[in-house]
Every structure is written in C-alpha cells, then in structure tokens.
Amino acid sequence: EEALRIGLIATYSGPYADYGRQFDAGVALYLKEHGGKIAGRKVEIVKKDTAGPAPDAAKRFAQELVVRDKVKVLTGLDFSPNAYAVGAIATQAKVPTIVMNAASSAITSSSPYVARLSFTVQQVTDPMARWMLKQGVKEAYTVVADYASGQDAETAFKKAFTAGGGKVVGEVRTPMSNPDFSAYVQRIKDGKPQAVFFFFPSGVMPPAFLKVWKERGMDEAGIKLFATGEATDDSFLEATGDVALGLVTSHHYSYAHPSAKNRKFVKDFEAQFGTAMRPNYFAVTAYDAMAAIDLALAKTQGDVSGDKIMEALKGLAFESPRGPVEIDSATRDIVQTVYIRKTERAGGKLVNAEFDKFDRVKDPAKEGS
Amino acid sequence: MTGSRTPSLRTRGLGVRFGAFAAVTDVDLTLEPGARQALIGPNGAGKTTLINLLTGVLRPTSGSIHLGDRDITPLSCDRRARIGLARTFQINTLFPSLTPLSSIVLAICERDGLASTWWCPLRRMTPVYDEAHALLGRLKLDALADTPVSALAYGKQRLLEIALAMAAKPRILLLDEPAAGVPEDESGELFEVISELPQDISILFIEHDMNLVFRFSRRISVLVSGSVLTEGTPRDIAANPRVREVYLGTAGAAHG
Amino acid sequence: MAEMLAFDALSAGYGNAVVLDRLSFSLNEGQSLAVLGRNGVGKTTLLETLMGHTRVMSGEIRWRGQPITRLAPHQRVRAGLGWVPQEREVFPSLTVEENLLVVARRGPWNLRRVYALFPRLQERRGNYGNQLSGGEQQMLAIGRALMTNPRLLLLDEPMEGLAPIIVEELARAIRALGEREGLACIVVEQHPVLALSMTNRAIVLERGTLVHSGDSAGLAEDTALLHRLLGVGIEEDLEVAAA
Amino acid sequence: MKALTIPRDWLPWVEALFWLALACSFFLMPDKLTLLSQILIFGLFAVSLDMALGYAGILTVGHAAFFGMGAYAAGLLARHGWAEPFSGLLLALIVCALLGYLLSYLVVRGADLTRLMITIGVCVLLAELANRLGGITGGTDGLQGIEMRPVFGRFAFDLWGRTAFFYSFGVVLAMFLVVRRVLHSPFGLALRGIHDSRKRMLAIGSPVEARLRLAYCFSAAVAGVAGALLAQTTQFVGIESIGFNRSAEILIILVLGGTGRLYGGMAGAIVYMLVHDVFADIDPQFWMFWLGIFLIAAVMLGRGGIMGMLSRLVATRGAK
Amino acid sequence: MAIVLFDGVAYGMLLFLIGVGLSITMGLMNFVNLAHGAFAMAGGYAASLAMQHWGLGFFPALALAFIAAAVIGAGLEFLFFRRLYRSHPLDQVLLSIGVVFVSISVTTYLFGPSMQAFSLPPSLDGRVKLLGLELGRYRLFLIASGLVVLAALLLALNKTRYGAMVRAAVDNQRVAAGTGIHVQRLFFLTFSFGCGLAGLGGALSLGLLGLEPSFALKYLIYFLIVVCVGGAGTISGPFLAALLVGIVDVAGKYYLPGAGAFLVYVVMVLTLLVRPHGLIPRKGLA
C-alpha cells in the first residue's frame, strides 16, 4: 500500500533550529511507538525548512508539498506568519493542516482546514492574570517583546487582569533584538510596582532579562515576577541557570508534568534521544499532532480526503502527556489544562514544577466572538 | 591686447586656508579672452590649489571669482563646468573601466545635456560618436579607442585627460601639467593642438617644462607661496632675477 | 668590474599580454642606466618587473650574481632595490614623516638627510600623503625610496612635475650619490638628455624589445641617432641640460 | 585557459535564448512553478539592487525597504478592495519611486560606509514602523486576507502557480527590458562614469548627485514592483519582506551573480535559489553549511560572481 | 540619573569590546569582514566550553578565547582571506558571509542549536556599593576591560611603526611591498589579531548576551554601527561610537521606553548625516 505522506514545514536551521529538532523528535517518537504506522499505513514525512519566519517560503513549500509530493496532511508550522500563509493553501487544496506551534489566535479562523494542537498566547496568559489576582496581586507592570505574540500577551493580560479588578500600572514593549535589559529593569525598579508580568519568546531574551533582574536585586526590592512558560522553556532552562529559580509561570506543558503518561513519554524520549535534549512544548505537540491524525484517520477509516479528516478532528479528545486535550469542534482550536508552575531545582536539574492549574481552558480571544 | 574687452576669468583677493596653512592668499588673476597664459611656480606654491578654487573643487575662504560679468564663487563644480570651465588633472583622473571612446562620448553627452536621457539607447546617437572619433583622432588616440582606459600607458592616459577636457568645448581651459609624462615630441604636438584651439577659448596652464612654457605662453604668472610674485610676458619673466632664484634656476637661461 | 644586474632573455607582462619581449642587458656594479623610449614601450613595465610586480613568462633576472626572478617584492627591497613608482603613489593615510619612517631601513639615509635633500618635505612633514602638491609627492616618493637605503635606485620619471630648480638639484644630487656613495640608479625619463647626463649607460626600448644599448655620453652626443630612436627635437633640451 | 569567443552581434540572441529557456522551464519543472516565480521575482529585485549598487555605486544593505514597501502597497490595496493585479504593481511603483526619491537625499551624500549604514538604518526603521503599525500591516503575523482578482480578469491564481508564473515572467521581463534600456542609454553611461570617478564626472559638468538620485529612485521603483509581485503571487506579506535580512540576502544573490553586469541579478537568483532549494531538500538542517561552502567556493574560483566568471570564459569580439 | 549613565557606559563598553576587532579587520585593513561575529562566537564557545568541561577559570578562559579565535582566524586567513585582500569589497562580503553560514552550521552541529549555559565567577557576580550607587560588578569589569583594551590598542597602533605599516599596506599593497614591507605576513598577523580581539569580545559578552549559533549574525548590525559611526580605521572613533550608542540606547529605553528600537537607528542616521565620515574620521582620506 502507498505510504501516507505528511508535509512538515518547520524551522530546522538558523537561530530557531531547536523548534524543528523538537518537532522531529516528537513525531519520530510517536511513529516509533506505533511501528512507523498511522491508521495502519506506513508514514512518510517530507520536511521543509523555512529557517525562521518566512511566509513566502512556507507557502511555496506547502504548495510544492501538495502539488508535487502529494501529501495528505500539512503540519509543523512554528511561526504564526508561516501558518497564516500556509492556511491559504490549505483552503485552496482542501488539505488538512495541523498547527504544531504557531500561537496567533486567528490562525484557525483564517481557514476551515486548519486545526491547532498547541496553544494560543492568550490561552496561557489569561490564566496567569487570573492566578495573580487570586494571590492578591492588585497592581502589575507588563513587559513584552514587541512583536505580534508579545502584543497579544499584553492585550490578553490587561483584559483579564483589569476584568478581575487588578490595575496595570505600567507597560513596556522591548524591541526584538535587545541585548541589554538594564534600562527596563531599572525603570521598573524605580517605579516599584507590586508585580511584573512578562512575555518573551523562548530563547535568549528570558535569560538576559532574568540576569539583569537578579543583578538589580529586584527580588530583595520585593517586586514579584511572573511570566508565561516560554520564559522557562525546558529546552533553555538549564542554560538559563539559577536566575530562573523561583519564577512562577503558566503554560500547557512541563517536562516535569507528574502524570503516568508523561513519565512514559519522557522516558521513551530520553531513551531515544538521550538526556541532552529535553522534550519541551514543541515536542509534545508534535507527538500529539501525530496522535490526532492517527485518531482522526481511525474515525474516517482511512479516508484521507480533507473534509473527512477535518470533520473527524472536530471534537476529538484524547489524553496527551500534558493532560487531557480536546479540539474544539467550533473553532478547531485546542482546549486544554493550563498549569501554574514554579522553577525549582530537583535532583540537580532545573524544572518547572506544577502546583496549580486551570482546567479546560479555551482560547479566550475567541470566546464570545 | 585691447583693454576694452571684459576678461574671461577674474579673481579678486582669492584665498584658501587648510587649517592654519594658507595655501593661496589674496590672488588677483585675470585671464583675457583667447589668453594663452602659463602659471608657474615652485612645488607647493599653490598652483593646483588655485585651479581647484577656480573650478570649484575647493571653496575659497576669501575672495571671489568672476566669469565674464558673472560672480561664480557660489557655483558648484559641475555648474562651473557646464558654463564653460574645463580642466585636466595633475594626477590622472579618468574612467578606468570605460574605453577612451565611451569616456569622450560621455563627456559630450554631459556637455549637450543628453546624459540624463534614459529612454534612448546610446548607439542611436551617431553624431556624438562621430564627434568623439574625430576628437580621438586629433589626439592620435583613435587606435586605442576601444582599449580599456586602465590598460593604457601613462602617456596615453595623459592625452585622454586633455581629450576629456576638450570634449566639453570649453570657454576656459585649465590645464594642470598637461604634458607631464608625455614624451617630448608628442608634448610639442600636444601643445600645438592646444594652441590651435579657437582663439576665443582662454587657456591657463601649469607646466614645469620651460620649453613648453616659453614656446606656448603669451603671458606668465608666477605663483610663490600662495601669492602672485609677478606677471608678464615670457621675456620679462625669464629676465626676472627673483623668478630665477626661486624657480627657474638656470633653466630660464635659454629663453632669456 | 662585477656584474650587478642582468636581464637574461626576459619576457614579462600583465595577464596574457607580453609587454617585455626577451629582453637582455646587463649593468656593472656602480653603473647607472638610462631607460629611454616612447610612450607605452614598456619602460615602467621594466621597472615593475624588476620589483616583481608583473608576470614573468620566461627568462631570468640576476642581481649581484643571484637569480631574483622568483623573489617577492619586499625581499627585493631587502636585497637592495629602491623603487620610485611612476605615479608617485605615496601613502595617503600616512603623514609625510610616517611615509618616510614606515619603510626606513638601516643605512646612511635617514630622516635628517632626506629632509636636507628636500627641505620642502620638512616644512610639510605633518601633512598626509594626499594633502601634498604633485611635486611634493614626487619628492616624497624619492625620499621614501632613499629611506630603504638601496644599492640601486629605480626612478620612474622622477623629474615629472618638479620645478626646474629642483630638477637641477636632484640631478646633481643623484650624480653625486653615484660618485660618492656608489648608489647606482636606473632612470626612466621622457627627457633623454637629462637622463643621459645622469647615467653611464643607456638602453632604448621599442615595443618591449631592445633597439639600442650603449654609453650614455655617446648617445647624448649622437644627435642623429637620438632623433632616429626617439624622434626628439632635442636642440632646446640640450641647452637646458647643458646650462 | 582559452576564452571562447563569440561575435558581439550574437549577444542579443544569447539574451533571447536566456529568456526563452526561462519560459521553457514552465514545461521542464512543472511542479516547481512557485519556486520559479520566486526566482524571477528575486532576480528582478537583485537587478534593481544592481542599478543602485553596481551602476550607481551606492552601497546599500537596505534595499528591502523598497521591496517591502512595494509589497505592503500592493497587499494593502488588494486587501482594501482593489484586487486588480496591475494596478497594485503601478501603485507599488509610484509609492516606491517617491520613497526612493525622498530617501535618495539621505543616501547619495557621504562615503560608502556611511551609505551602507544609512540604508541599513532606514530599512530597520521602516521594518520597525511596520511592526508598530500592526493594526494596518498585521505586524509580525503578516498581512493576511489578500485575494487577488484574476490577471486580465481571466486567469485566476491557481494552486499550481501557473498563472503566478506567467504573470511574474511577463512583468519581470517587461521591467527587465526597461532597466536594460536605461542602462544602455546615455544615463546608464553616466552612471558607469560616476562609479569610476566622481571627481572626473564633476569636472565634465555632470550634476552627479542628481544623476544618483534619479538612479536610486529608478532602482527603488523596480524593487517595489518586485515586492508587489511577491505579495500578489503569494497573497501574503510577511514583515520579513522589509527587513535587514532580506536586504542582506538579496545582496548576496547579486554579488554571487556579479554586480554591474545587468544579468548578474538574474543569474545570482537562479543559482542561489536553486542551490539553496536543492541543499535544503537534501539536508534541511545543515543546508546552510553547504550553501556557505558553495559561496566560498564561488568567490575563490572566480571573482566578480557568475557573470564575472562567464565573461572570462566567453569573450566577445567584433564591432561595437 | 547616574545609574542609567553607568549602565549605558557599561553597555557601550560591551559593544566596543565585541566590535573593536572589526575596526581592525574592516576599519584598518579595509576587509569587509562580515564574519566578525563568527570569530566572536568562536571565542565565546571556547571560553564557555573550557569553563564547563575543563573547569577553567573565567580569566584563563578569556585568554583561551583570544587564542582560539586568533588561531581560527589565522587558519582561515591562510586558506581564504589572504587571497581576497585586493578584491572588490563585495567579493569579501560573499566570502565572509559564506564563512558565517559555515560557522553557524558547524556550531549547531557540534554544540546544538540552543543556548550555552554560563555563569559568572562569584567575584564578578552581584553588586558593589560605590559612591552611593549600587553598581553591577560585571558591568564595572566590562568598563575596566574596555579601557584597558582601548589603551593597549591606541599605544600599539598609533605609537608604533606597526600601525603605520598596516595603514601603508592597506593604502597601497603594491607599493608597500615595493618599499620593503612584508605585506603578507603583516596582514596575516593583523587579521589574526583582529579575530583574537573578536574572540575576546565574544567571551566577555557571555555575562550579558546569550551564546548560540546565530550569535555570528545576530549582532552584526551593532558591530557595523560601532565601526562605521565611529569612523573606520580609527580606534578611538569606534570607542566613542560604542559609548554613544550604549548611552543613547540605555537612556532612551529608560526615559522614552516607547521609542524602543527607533532611537538608536535615528541617532545613527542623524550622526552620519552630520558627520558622513564618522565621529572621528580617519586622517588622510579625502
């Protein structure tokens, strides 16, 4: 029988090469566990590298994958612009597209053939704001990276925080290339807010920010710090080092998630790829994306037509290493648990230890709209 | 010379300083129409600097320059060139990657205001090419018309310097050591060509070769330490003991 | 007398173009040479070849008994060649003094002596290379070559752009150097009479080949030959040099 | 190495052959049409850069400012209801010509490094502006929701990229012919003159700065058209279109092809993007390594890029 | 506010330290060396790995970073760069970009795409009270290092014949060789030295910037700003430019956080419009 071809558009090279590596690992792990097959068919993954945000290339790859490589499903998609650009092809070619990361809310609304298994920025930000309120935080200062996701985080935070009676006392957007955060941190220090919420994409920005935070003695000054889970991305956590200790973050996945399913996932992952690389939220979504395709094809009984698969994906619910997940049948976006975690040292490793959670969180940006 | 004609080019109290160093001070220079005037003086006297002032490469720190009745002091280099002031450079300043032919074509186009034409192909401009060929022929460069300038021997490049200046059909021609590096027989010919230019063109040339200076100039200005030491006919200059002392040495003897 | 420099059937040029065509001549210790010829015959190329800046296709150059055809330019300077390039090519981003000091090598020539030869340079010692008049650059190029304390000075049209009075002084100085200190030179000149008056021997080139080789004095005397070789109307020139 | 010599009269035929071959790639690589369109578009972009860099001698690493501006102009026009393709191109052309003319006042003065930094600065500032005006441009998420009307009202942009290919081919060829004409005009010669010696140009009475401003304005307009083409054929505008990285990439493409040679931009785009595509397909993680080696090899083997190498292999002879 | 000024100066020093090598290879030697970041990265990796795996102290690691980058620079100079000194700057762009691509892939291959862990030695961690201000020790250390490097370079390049020889050889290689300068060796040493400085800067930046394979390209604009705004070919120019950028950036972000990324570039463009040859133009270039 002919192999089932899946197109994986991601970043394999350049500054964000880690994303593609995590995707690959998640996909490979799922396939290995299932004997290289999905719904009884051998699977062939065709990879395309966008080397970062590059919508024109992403769109070209999607088109080639559909027209030339005859893939039945498109997936990957770490950056939102890439996902938006691919969405148009998905609509035109009626190819189901499963977003493995891109976190801009409107991606799923842009095409009926797109479903998302990752998260939206708003989805993880909103619980953080609510949790902070619960802890008695009344005033917060926001710091976000100045790009679409950062702006989304800022808006979502402000909305949830003020709705719950909190007050945003200051906000700042930092440029994407910003080697030194001393000015921003100093400004916060002089403003003495009760707490700070920040959103930075995972990578070099969070550690740079945290280093200055520590250097300025912000904790001693009594200013509390909160963030979304990108700040303590498991991929970068060890390299970030002790400056991350004690930071409270909200996210949908931690490698230290204490469920049986996750323990097995991590164990298998380490067996396969060693301990140098930790599975992070990219890997788990990639793993889940395969599971979703598998389950959907089981529902359609192997029918790979786009409409059938999309129909099958809607309302699909299953147990992921991160906990229970479900694809909202109306929005094709994910519904999942968002955890509140604290960075701790356990067994000599830095981990995000979960200690509180919000169940069945939908993308708040689409609520009521 | 009839005093009634307005001079072509006239400077008043012209001077320029480089920091504390006054390279040219208070120069009043007059160039009559049809002049064949030499500018001589010791090395570093300020001759090239003076030409740079006249052509607008340098801005004077004092004084003014008039072309006919017009004060051209504030005009830029290229404006001055377009109203008829052409020059050659002491150190070759050519278009190394063009050929002599296209260099001249370019100069003619700029002169005729064609060089901003972007819609018409060059090769349709036959009259320009004909003129360029004729000019190259006059300077015996026609055989090299299509050799890249960078591969020309030094002497040929000197000739091209002059050809470029002549292509502009100037009213005033300023030549900075035009014959430097040109062999003697050819430098003679070169100056013949120059002196045969229409009589309404005024020529000022710098030259250290006294044979040429005394043969071709009708008037000589001597510049020393940035100011005019004296001015006069070749005979006067050759006889001037100060000039001999600071510049000519014994070289003027033959022309005395 | 011992041979100082010899070209042995040397062909050289740029890229694929042959400019010097199987050129042979030799020069004895202490002798000076005038290289004459019209524009573009390869005089500069000869000097550049001697300095190692062209492509040698065949033949050999011997300097004091050793073949130097394959030596790098800076090694030739160390072996005793001092070069004054035709277009002066002083270093624009160095001051006059730096231009001189940067190439200085041990020997009788030093800053003081160069300044004594060209007082004008001392006056302008703080100017950068591109803030000099043409003639000052020429002086600097010569001074710079002297600072390398060569045994053989290669002068490519050294008098170009110099005031007559300086030309006289310089010609006298070079002659004196040869006589008193044994500093030989090869002079390329457009003014044959001047060049011949400064040298012992002369060669005339035509399109890269040797068409005459002999005594400078003899050639200077033979007006007809000069005229035939170079086409120069030399009468006036003679007067200049003789004066 | 002996150069192959061809008579100069043949050159136009060689050029025609080149374009014919490009057109034929439609049949030779039918499933790579989108890549081919993008090669054409980047080729045009590189040619526009060549006008500024290779001909006018303005060292710029900020040309994506115009490419991106053209893309946004065409994208926004389509997005706001006027989705006819050619009017988008025209708008991009006009907007970028104006922008280019304005910016030329900053750029034509000064030395090479100054221009380099000013162009980078302006480009980064525009990119930052596009990011700030997220409400209009979509910020880093990109400008979505562009739906172009069919070309000539007949040929809709299809999934296979056929219409996109022919549309791009036609527009790129037309623009290229205009550029070619400009560079073969007296104005083009003046640019080469300025490139060689600004001082001499001034001395023959050339208003050098005005010439350069015009060239820069031309170049900006062509870059804008290229950007608009990309926006229209992908029906999306990413903020990357206007950034420093794209400026740098196009510079690499042009230099690889050879500057100041008219076909350098096209040759560079073809080679760079095909090589990139092949390497990235073979090795999605480390194609950069092979591409790097390729670039190093290209410089070591032949200076002056691909066209430089070609011109050493193939000489022309005959009348002018 | 003094602390803002201090932070700005410290940040400027960092920019100076990682950019100054480029003012040697590009400013002084006129080689458009866009691979500067790759050499800085090499130094950074050398230092960070040596500290992690060999337990080397921070200061010996700095020396190692210099040496490692210089050796790599020397090797590449010997293989590639020396063949292009006289080429068109754009060929140099292509070569150095090729080197950057390769260096990014190689580091990704060897050390993975993600960030290197690094922690400061205790002696440089934390703050000290000085003149009533709480100053970061590491920032103080950066300022001191910057001043030392500045002084050393000024002495080496302006007061010795070496600097003049480099300038002469850059002005005119043919004539420099023809007047006895061993251009090839001179360039080899100078280029390696510039790369070594880059490596040192890369290692010194570890305390503030994250080190990952894209380091090679990420800060390129900053290096270029420092060298070009400062004035290519001088040392004090880039120093001033780095300080200017550092102070403008930090103060701008403190007082006008909304201006964000705009400020530095606006200031850069304005500075260049006012001083087209940089803050301290190199002498002798018309």
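Labels A, B, C, D and E are assigned to the chains in the order they are written; within every chain, residues are numbered from 1.
In this text, a residue touches a chain if its C-beta (ideal position, glycine included) is under 8 Å from a C-beta of that chain, and two chains touch if they have at least 3 such contacts.
Bear in mind the structure is a predicted one, so any value in this text is a computation, not a measurement.
**Student:** Treat each pair of touching chains as one step and give the shortest count from chain C to chain D.
**Tutor:** Tracing touching chains, the least step count from chain C to chain D comes to 2.
**Student:** Quick one: report the Å distance separating chain C from chain E, using the average Cα coordinate of each chain.
**Tutor:** Their C-alpha centroids are separated by 44 Å.
**Student:** In whole angstrom, what separates the CA-based centres of chain A and chain D?
**Tutor:** Each chain's C-alpha centroid was found; their separation is 36 Å.
**Student:** Taking each chain's centre as its mean C-alpha position, how far apart are chain D and chain E in Å?
**Tutor:** Computed from C-alpha means, the inter-chain centre distance equals 32 Å.
**Student:** Determine the centre-to-centre distance between chain B and chain E, using the mean Cα coordinates as centres, and give it in whole Å.
**Tutor:** Whole-Å distance between the two chain centres: 48.
**Student:** So which stretches of chain E touch two or more other chains?
**Tutor:** Those would be 104-105, 108, 221, 260-261.
**Student:** What are the residue numbers in chain D that touch two or more other chains?
**Tutor:** In chain D, the residues touching two or more other chains are 128, 285-286, 288.
**Student:** Find every residue in chain A that makes contact with two or more other chains and list them.
**Tutor:** 13-14, 17, 21, 146, 175
**Student:** If we use the touch criterion from the header, which chain pairs count as touching?
**Tutor:** A-D, A-E, B-C, B-D, C-E, D-E
**Student:** Going by the contact rule set out above, which residues of chain B touch chain D in the complex?
**Tutor:** My answer: residues 55, 57, 76-82, 86-87, 89, 93-98, 101-103, 105-107, 109-111, 114-123, 125, 146, 164-165, 167-168.
**Student:** How about chain A: which of its residues touch chain E in the complex?
**Tutor:** Residues of chain A touching chain E: 13-18, 21, 146, 172-180, 182-184, 186-187, 203-204, 207-208, 211, 215-217, 235-236, 238-242, 276-277.
**Student:** For the complex, which residues does chain D have touching chain A?
**Tutor:** It is residues 31-32, 34-35, 38, 128, 131-132, 134, 138-142, 144-145, 159-161, 230, 234-241, 280, 284-288 of chain D that touch chain A.
**Student:** Help me check something: in the complex, which residues belonging to chain D touch chain E?
**Tutor:** Its residues touching chain E are 53, 59, 106, 109-114, 116-118, 120-122, 124-125, 128, 244, 248, 251-252, 255-256, 259, 285-286, 288-289, 291-296, 298-300, 303-305.
**Student:** For chain A, which residues count as touching chain D in their complex?
**Tutor:** 12-14, 17, 20-21, 47-49, 51, 53-56, 59-60, 63-64, 66-68, 80-81, 84-85, 87-89, 92-93, 104, 106, 110, 146-149, 151, 175
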